[in-house]
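In what comes next, subunit A is part of two complexes: it sits with subunit B in the first one and with subunit C in the second one.
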Partner chain A sequence: MQSALDTIGRGVGRLYAAAFDLLEWPMLALQRLTGAQRIAWIFLLPNLVIFGTFTFLPIILNFFYATSGSDAILLQDRPYVGLDNFATLLACENYLQPNSCERDIFWRAVHNTAWFVVLQVGFMILFSLVTALILNRDIPFRGFFRSVFFYPVLLSPVVVALIWKWVLQRFGVLNAALEGAGMPTVNWLVDADWAFFWIVFVSIWAHMGFYTLILLAGLQSIPSDVYEAAEMDGASKWRVFSRITMPLLMPTMAVVIVLSLIRAVQAFDEIFVLTGGGPGSATLLILQFIYETGFAYQPRLYGLAAAASMLMAVVLLVLTLVQLRATRSRAEG
Partner chain B sequence: MAVVELDNVVKDYGATRAVHGVSLTIENGEFCVFVGPSGCGKSTLLRMIAGLEEITDGEMRLDGQRVNEQRASERGLAMVFQTYALYPHMTVRQNLAFGLENIKTPKDEIVRRVDAAARMLQIETYLERRPKQLSGGQRQRVAIGRAVVREPRVFLFDEPLSNLDAELRVAMRGEISALHRRLGNTMIYVTHDQVEAMTMADKIVVLRAGRIEQVGAPLELYNRPVNQFVAGFIGSPRMNFVEGTVDSIDDEGVDLRDRTGTAYRAAVDGGGVERGDAVVLGIRPDHLDVGGSVGHEVTVNAIEQLGGDSYLYCERPDGTRLTAHIAGQTAIRRGDVARAVFRPEYSHLFVKDTGVALPRLTIGEAV
Partner chain C sequence: MKSTSLLSGIACALLAATSASAAELRFACYQDGTECDAWAEQIKAFEAENAGTTVVVDVVPYKTIVEGLPVQLASGEGPDLARVTDLGGLAKYMLDVTPYVKDAAAIEAAYGKTLAWTRVNGPDDKGIYAIMDQQTATGPFVNKTLFDQAGVALPGQGATYADWAAAAKEVAEKTGTSFAVAMDRSGHRFAGPAISYGAKIFDADGKPITVDDGFKAFAEQFVAWNEDGTVAKDVWAGSGGATYQDAAKEFTNGSLVMYISGSWQIGRFGRDIGDAFDWVAVPAPCGPGGCTGIPGGAAVAAFKHTKAPEELGKLIDFMAREDVQAAVLAKTKNIPANQALQAKGIDYASATDDEKAALKTFAESLAEFSPVAFQFQGYKNNRAIMNATVTRITQAIVGESTLDEALTRIDSDVKEALAAAQ
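After this line comes the complex of A and B, so read on.
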């Protein structure tokens, strides 16, 4: 086995060397042509073109769409309206009551997203922490459980949603099981409260493996001798957890909190496939609102969608800055 | 204040036996050093005493009381770790206080003990700092302080100086010895460094492969090693060994010849050997007199001149390597052929197959 791997490794190494031998003279020729300084730009060019076309340009365009009106797609056909789109989105008598807002559906999505973020992130971190603490102990089949908890992370969001749809639909697995046990069935995805519960649940199920893994790595980076010192110092299990484990896990926890916050704000795909935002707008989140306003419904309100996405970008920017700070203090700590 | 007794203590890791039935008594107030090469089980033994490792078989007693089943914290011992194992997120003061808070010591008592320990170890000025803001030596003091404040029955040290630089190691060695004199507690100290063992111990326990080779006072081990392993392990540089066969035995010693037919004599009790037995002659570099006009011929391969001491690395014509220590400086040069005198009263003799030492009759180094 080892020798087979060695052979493969050596083969790959030789191929790699051969490829670079082939590249040598064109590269040298190119370098003579451009000079050693400018050749760096040639290497950067492909990435710059891709990044510019698909990331940077859309950001700029988004700004123009957000400040122009009508349902025309070409920029020259769109009249400049200043901050009207933002004003429309933000026009509200009471932000806590979506019905009092001009774009009540936007504010409903904001409310839903806020609740979703609080519940999904809060419970997911709690579950991830508990799971990581258990998986960090010397339990039987530890390797097996570690992979089991990580598998959902590898699934495509659409697959996740379809699996759970199969479980939760009116004649799905869950209701069949309930019926078999003689219990009343529930139309899980049609009842507004249950549907919201399930989008939070499914989203936790799909993502917690990732955060469990990060927290597990954080737990394992705590040196074991510190625990032994605490044992000699007569610390109770609770004192060890509250005074040693948690403080030393905090830098990792900060990263986990911010990362999961960002991802929760951006949640879309699983929920869109699972509930489509329904029933009504009970599980409609901001990203779906932006998508539907801009691309799904007539008339296509590109300006409004662009403005909403810029508002969301501000929130994400703040969270990202917080994350950068958290990771930096972790690197320094 | 405590007597530590180990009675046929065994440690198994799965099918591997790390400690084979060790029996040992460490007296009240004694400074006992476990020494041996890496993997000899010395740290395992210490961790079993601490309560960090379970005792597979046998009994451990503290002041006559069986403690096998007691948790580490219940035994009333304190340990200083090789890696210091300070709590990185706590200040020095919090590090020292943590153990006392765990047993709900009154606040003013904690302050009193922490301040007293800090004064004794001269770490008062760092009390509000975090471990990462301290140097290695300062961290080691904090680790010792954390043990001191708990006023333990026994102090356990697990290679506490091996992460320090040479100069600091010498200084801390002195400080730990001073601490022992001052507190008078029983202390158990693990090291692979025989110099630490020789300089600090009341009693040295030499371990190899999970077994005790010899227990004794430092000079006893140096002067009367019971076997070739202890003879080679204690003393620096290492003892020289010359293989040979017994030629004749009389009341004052044993004569032997090496492969080349060269004769040696050791002042040992030859009761355990017969003419023709394979033996190993041992002599420490300090006792090999090189540079005179008599003795056995050696070629000098290398010389280390330290100013106050010189070390000669020599070779006998049959390839046997010898190290000699000369006090002061030497005019001998690399490549010179010199003469080395093996004095019988400084020589040790071991049975080749078992490594067992024959009892020495006269001991040249005894004062």
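After this line comes the complex of A and C, so read on.
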């Protein structure tokens, strides 16, 4: 039996070596042709082509759409309008009062997105951190709870939204439970404030498992001897948390903040299915505005949608750079 | 060697000839009930009559037709034909199949009224672009069992929206039903009562004015009904943007007294309600401006970018045939757009008595609809009006804006959309 396995192993090894020998000659020829320094570009080429075609080219196309008008989709049919689309979006008497803006729905979406980002990212990181700290301790059924918190991340956003819609609709599970307990029911998704609360809540529920896992990995990478030294020095729990855990967790936290920030600004699918942006425009976020302006309304204002997406990209870029700078300063300081 | 070459030559020639005559047409079809299944059945007969032409029926969701198809067509892609509802909006992509049909005059006689909705190139445009396979009419359905249980009589012919709302509210209160009245979240549905309240929608030159005293009067009434609970707030306030939302589920499960929707729901209600309760379709309620719903429907349209215009023309010609339409309509339980079939009537053999009565009510009411309603349906940018209506009226309902602000925004939204569409 052992000798048969050895024979198979040797056979596979020879095949493996033969496959690489076949590649060796063209690779050597390529290296001679390009030089050792430039061959890296050859290896990067497939990725650059794909990345260029599906990421950079759409960004450039987006710019052309943002600076052209009409409802035509082909660029050659679209007249150049300069910055008119941006001017339309930004025309406003008072940015804090969307009704005073030319594109009031856009500014409602901006306001909603800003609140959503602040509340969703803030509370999600807080809950994720607390959960990670608890799951990092030696508690009973730790493995089970880690799975439980991660499980919603595996669900499709549409499934998440449909589950919660079933819970929150007028005759849904939550109202049935409240009615059963003799309490007044609420039309959760028709009341603007409640609808906004629930999109934040559902989004946190769906995504916190992912960030909890990252923070948990960060917590586990902190060397235990640092904690042992602090314990020997008689440091309080709060002091250990604020002077050891948090500073050493900051690089991981920076990743979590940047990722969750970007994801919150890009939130769309769950909210679109759960509330459709309503009631009215109470839960309409920027991405839905872009989608509806570009694809759902007639005529389709691709230019305006492209301009809005460029403004959103600029905001995201600035936020990311500020965050990275802050993290770097902290790490250097 | 020679014989081998000869055989190869013949084989190549045969292959070339076969591929030259073979055409595959892709048909993007959405269905409220069984429309695509009925067409697939008829298309088999077409394929048998036209050897070498195959038609692939792709059943797609309505959202794909409304949102995805226009983008595909704008970029010169998409199916050869599709079942669509936005006839005016998509007209610029449609193929005139007149050169390929056997009897254009017969098609004109049978479908001229609805073909007009696709003719956007001026008064001289006599093209055949799409064949309507489902004429629809908007109007109310009523849960008659609830009226009987409450001991409230159904308002009769000529009853106003206010009469119906009061009656439905009384029924809801007496029977403990959740909702008195609901109307689909749709600018198309809103337009019917608005015109009944006196909205003119267009000026004398056919340009949209949208908001006038009649439009405002119904908007005020509708917002007030949402506020006082006469109308189910969930339907309009429960969504954002211009998203479509119906209340068919509420009607079929008996929690709604009166539902303002349209004839395309008949098959669904027949199937889903069964014997659970009695339901009837009633003629469009009246207002100071008349008693009208909005006509509409779905049509199978041919598109310009097809690589097989002749085969596509033949297929549209086949679909326009009276016997083919009669077979499809009998199965789908829809109102015919074909004038001859309207006169003869369709034998809805599989329809229940409730379904037959509802089909008769809608078909009769269609003849009474206001000319403004037909003008609205045929206007190529009507979706700009519909979208603005839904978005802005909802804002007024949920308190994001006053009704006056909402009406001003409807006006400016429509003007801006029309400017962009120029």
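FYI, the second predicted complex is superposed on the first by the 264 of 333 C-alpha atoms of A that agree within 3 Å, B and C clash if a C-alpha of one lies under 4 Å from a C-alpha of the other, contacts with A are read in each partner's own complex, and residues count from 1 in each chain.
Just so it is clear, a residue touches a chain if its C-beta (ideal position, glycine included) is under 8 Å from a C-beta of that chain, and two chains touch if they have at least 3 such contacts.
Quick caveat, the model's predicted, so the values are computed rather than measured.
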{"item": "Room on subunit A for both subunit B and subunit C (clash or fit)", "value": "fit"}
{"item": "First, second, both or neither for A:L189, with subunit B first and subunit C second", "value": "second"}
{"item": "Subunit A: partner with more touched residues, subunit B or subunit C", "value": "C"}
{"item": "Which of subunit B and subunit C A:D104 touches, first, second, both or neither", "value": "second"}
{"item": "First, second, both or neither for A:D233, with subunit B first and subunit C second", "value": "first"}
{"item": "Which of subunit B and subunit C A:L74 touches, first, second, both or neither", "value": "second"}
{"item": "First, second, both or neither for A:G276, with subunit B first and subunit C second", "value": "second"}
{"item": "First, second, both or neither for A:A296, with subunit B first and subunit C second", "value": "second"}
{"item": "Minimum distance between Cα atoms of subunit B and subunit C in the superposition (Å)", "value": "50"}
{"item": "Interface residues, subunit A side, partner subunit C - complex", "value": "69-74, 99, 104-105, 108, 170-171, 187, 189-190, 192, 275-284, 288, 292, 295-301"}
{"item": "Residue numbers on subunit A that touch subunit B, as the complex places them", "value": "223, 225-226, 228-236, 239, 243-244, 247-248"}
{"item": "Sites on subunit B touched by subunit A in the complex", "value": "50-52, 71-74, 77-79, 81, 83, 85-89, 98-99, 102-103, 146, 150"}
{"item": "Residues of subunit C touching subunit A in the complex", "value": "66-67, 70-71, 74-76, 86, 89, 178, 233-234, 237-243, 245, 381, 383-384, 387, 391, 394-395, 397-401, 405, 409, 417, 420-422"}
